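The first chain written gets the first letter, and so on, giving A, B, C and D; residue counts start at 1 in each chain.
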């Protein structure tokens, strides 16, 4: 039996001399080995950010770690998050009618490429119930007559809480949450949306992109915030199109890039590779 | 001695049955061989567009060709443009202080990869005079105190007309032309500008992109129109960036993609591969 | 009811003056409208190749078309293939144990993005029977003790012939066909395999790629020929890797690019966009 | 005046518990601040590798640092390299007749994007003398009748030693060095060569790639070793081609990717971002 376990420690604090050395020393004293470490200093705000991947004896738990880290955390005003890698995150996927992103996430999970459990699917339609069923995942059909309806969100919240959900993935979920809901799950909702150069306001963006004759269509995965589609960007991708591509074909190509970009963003989140600082997502990939 | 010469014929007209056959027959009757042909039908406007690359005896000139094509041009309301490939286009490059795009164009031209003559460089600064000099190209330093200044534009126009310029390439020229000037050279000015997902209004776009934490920066080459940076898109490209890239590094990466994208757009224009229809650039690449 | 139908006509013959005009005239006379046409002249062998997409009245069938085209086909030694687009191709997918490519093809097909019927899946293992079942596609489990076993291939051939299969897609099928089988289905088998820069001979290519520290892994879709993995290349793609990627992670990234590249190759084949000439696949994309 | 200076410290040693902490502690004690640190453990050989970017008072020099690091270096069998960032590397560029890579390096250097001095250009032809001259860089024309000629290499070595050259960049230098020469400059020669999927043995690779109908051409930058073109890979890139691209056009596209890939590799080397271990280049990008 493996007597070791691993954790990812995410640290942020005002930048200062000696931070790396102090953290390394404290972890060493606590009996931890540093498997990987990556750091970043935000020069705009002078904030130091570090991701440390450690291993240690199973006898060492969060409490022990906290005890060793509290003194320097206090001294340097550090925010410290410890996540043990054997505690997998619990994920809920929100969908509407399109299933290209859902399918990709389910297959990646089945192949062991997403470090989580996928505990349930919530949808405002019943179209994708059979997909969830095939993968033996509970499917909750909750119609959403109006985006942000408080009763609906109460229902959704109840399910999420009953299942101790850690991450909400909006896999082409075509409804908008209320600010209350979004704030409640701040940093825990990942959304995917199409992106264009230049950007288009208003509806039917693919039609606009077609009329404009763009040569690239793209997708952006980001954390949901109360400012619609303006949350911290986790990942982006593009794919080439030409005048020969119909709107339908552009949408198809867009789907291809959406699912790839969303899957990458979700994987990085699950591996605790992302720290959001000052509305920017720092991704230690 | 080569007794043959070649032309590119660009055709557009309302779509209708038999267009391809009628054009092919007329060209055949005129003694032309079709080396390449590509077509596109714009379904929004029901307009047929074709690019035909032909070869024929040197004895056959534009007049002969016109004579054979006029009947069907009249019948089908065709706009027909004939450009002989041995008549190279005359190009003027506009620059300010940055020379990454200028250098690339000059080197490509020297290597025989741009089918044109580069007849002059116009700049609102004298910084790049030596670059032009090395390549033995006349450099016109015309200060532009205010964008769109009519006297300045008169000076510029005089030089362009004296040199029979066919194409103006704005290779990071940081001044804006008046609507009058832009209209005068409609479809003959290619501009390059940075592009971001999402797009940023206002100044210092790279600073905004950095603060937003974008993962891609890009560039768009387009024909200049009176709507700033909104002309028909010829080509686009992107390059990856991460939180590690400073604003300076993002600008450097942006330059790399700008010069590549601009060079492609210019080459396609010079090879008569582009037809602008309904504010979209159809590129027969 | 739509009184029109469409066909793709693939033509190849020794290059000569007037080919395009003669073909266009013959098609016009036969009552066909040319929706799209693309051509290519192979300068090494002096062979002219053209793909013509036409529409015409339903009363005009292959026989009528042949009658109009035979005279010029004879005169110019043309090989002509006519494929009506309402006659969808019948596809068999071969798999072993990995299902990433299979899933992608099934989903694309379901979404109407592959112009074909998927009539059956053949595998040397029973692992993926349930995937086929979900999509209601017959699954034939035929163990293959030795690659190229004549009895096994007889069984496979019987199934393919009973089902009038037009295209065999090897979606990570880990067995090799005999030369006899491969020749029988020449130009009708599409295979996907990983590709590396530089290429590696021998087994465990991902392990070799890892040890070599490559920065890109790729995939190539090609027609199967008797020279293993050396058939005409239809499409290729790559994805970035770094020293941080374990062999497992490199294989995962490789899968992502394999399925994308294979799907594109299959789609182009189904839309009759590919002509193989002189062991090169000309793709009119 | 800036009283601080910076260094990059590259460390490698057998992997062991506590390495990161011990190094961080020693550097802290020596008065260094860790600006950035990245590490990698090669699981095949169980070797720990770390790149540490530090800043400290100018009064602290290599000697002081060595004194603080020697005890742990001895204890853990560490190889330690310290490079002060204000000591720029001295670079020699080797060329033959093509100048696309040379130009790019010279322009990047002029723009402050390459942290080095470019001290001289050596060529077996005199074609590019004027390019070097424009940038005021000494040009040594040394004809090379036979690759690896000892007298020629003596001449080259003399120049390199007289100029204290730290890095040799082979920017499309079409001659091969002797094993003796290559070993003498092990880890100090960066070469660029084209790469194809699949790879082609023998001469005229672009002609072979064309005949094979490849859809991608690429370039690989690597350290030169005695095994031709088989040294540790630093960076790779690809660009799309199609059947429409002539051999000439494929070469042009190849040049575009060659210069980009070479420039990246050189920049990373100059910033001490690369450690070669077990014939793999670990790039801390």
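One rule holds for everything that comes next: contacts are C-beta pairs under 8 Å (C-beta built on N, C-alpha and C of every residue); 3 or more make two chains touch, one makes a residue touch a chain.
This is a predicted model, so every value here is computed, not measured.
Engineer: Same or different: do the copies chain A and chain C touch each other through matching residue numbers, with over half of them shared?
Structural biologist: Comparing the two copies, chain A and chain C contact each other through largely the same residue numbers, since over half are shared.
Engineer: Using C-alpha centres only, name the chain that sits farthest from chain A.
Structural biologist: If we average the C-alpha coordinates per chain, B ends up farthest from chain A.
Engineer: Between chain B and chain C, what is the separation of their C-alpha centroids in Å?
Structural biologist: Centre-to-centre distance between chain B and chain C: 36 Å.
Engineer: Starting from the mean Cα coordinates of chain A and chain B, work out the distance between those two points in Å.
Structural biologist: So the centroids are 42 Å from each other.
Engineer: Can you list the chain D residues in contact with two or more other chains?
Structural biologist: none
Engineer: Give the list of chain D residues in touch with chain B in this complex.
Structural biologist: 99-100, 103, 107, 111, 113, 134, 252, 256, 260
Engineer: Using the touch definition from the top, list the residues of chain A that touch chain D in their complex.
Structural biologist: 17-25, 27-28, 33-39, 41
Engineer: Spell out the residues on chain C that touch chain D in their complex, using ranges where they run on.
Structural biologist: Spelled out, the residues of chain C in touch with chain D are 40, 43-44, 195-199, 211-216, 218, 220, 229-230, 232-238, 242-244, 246, 278-283, 285.
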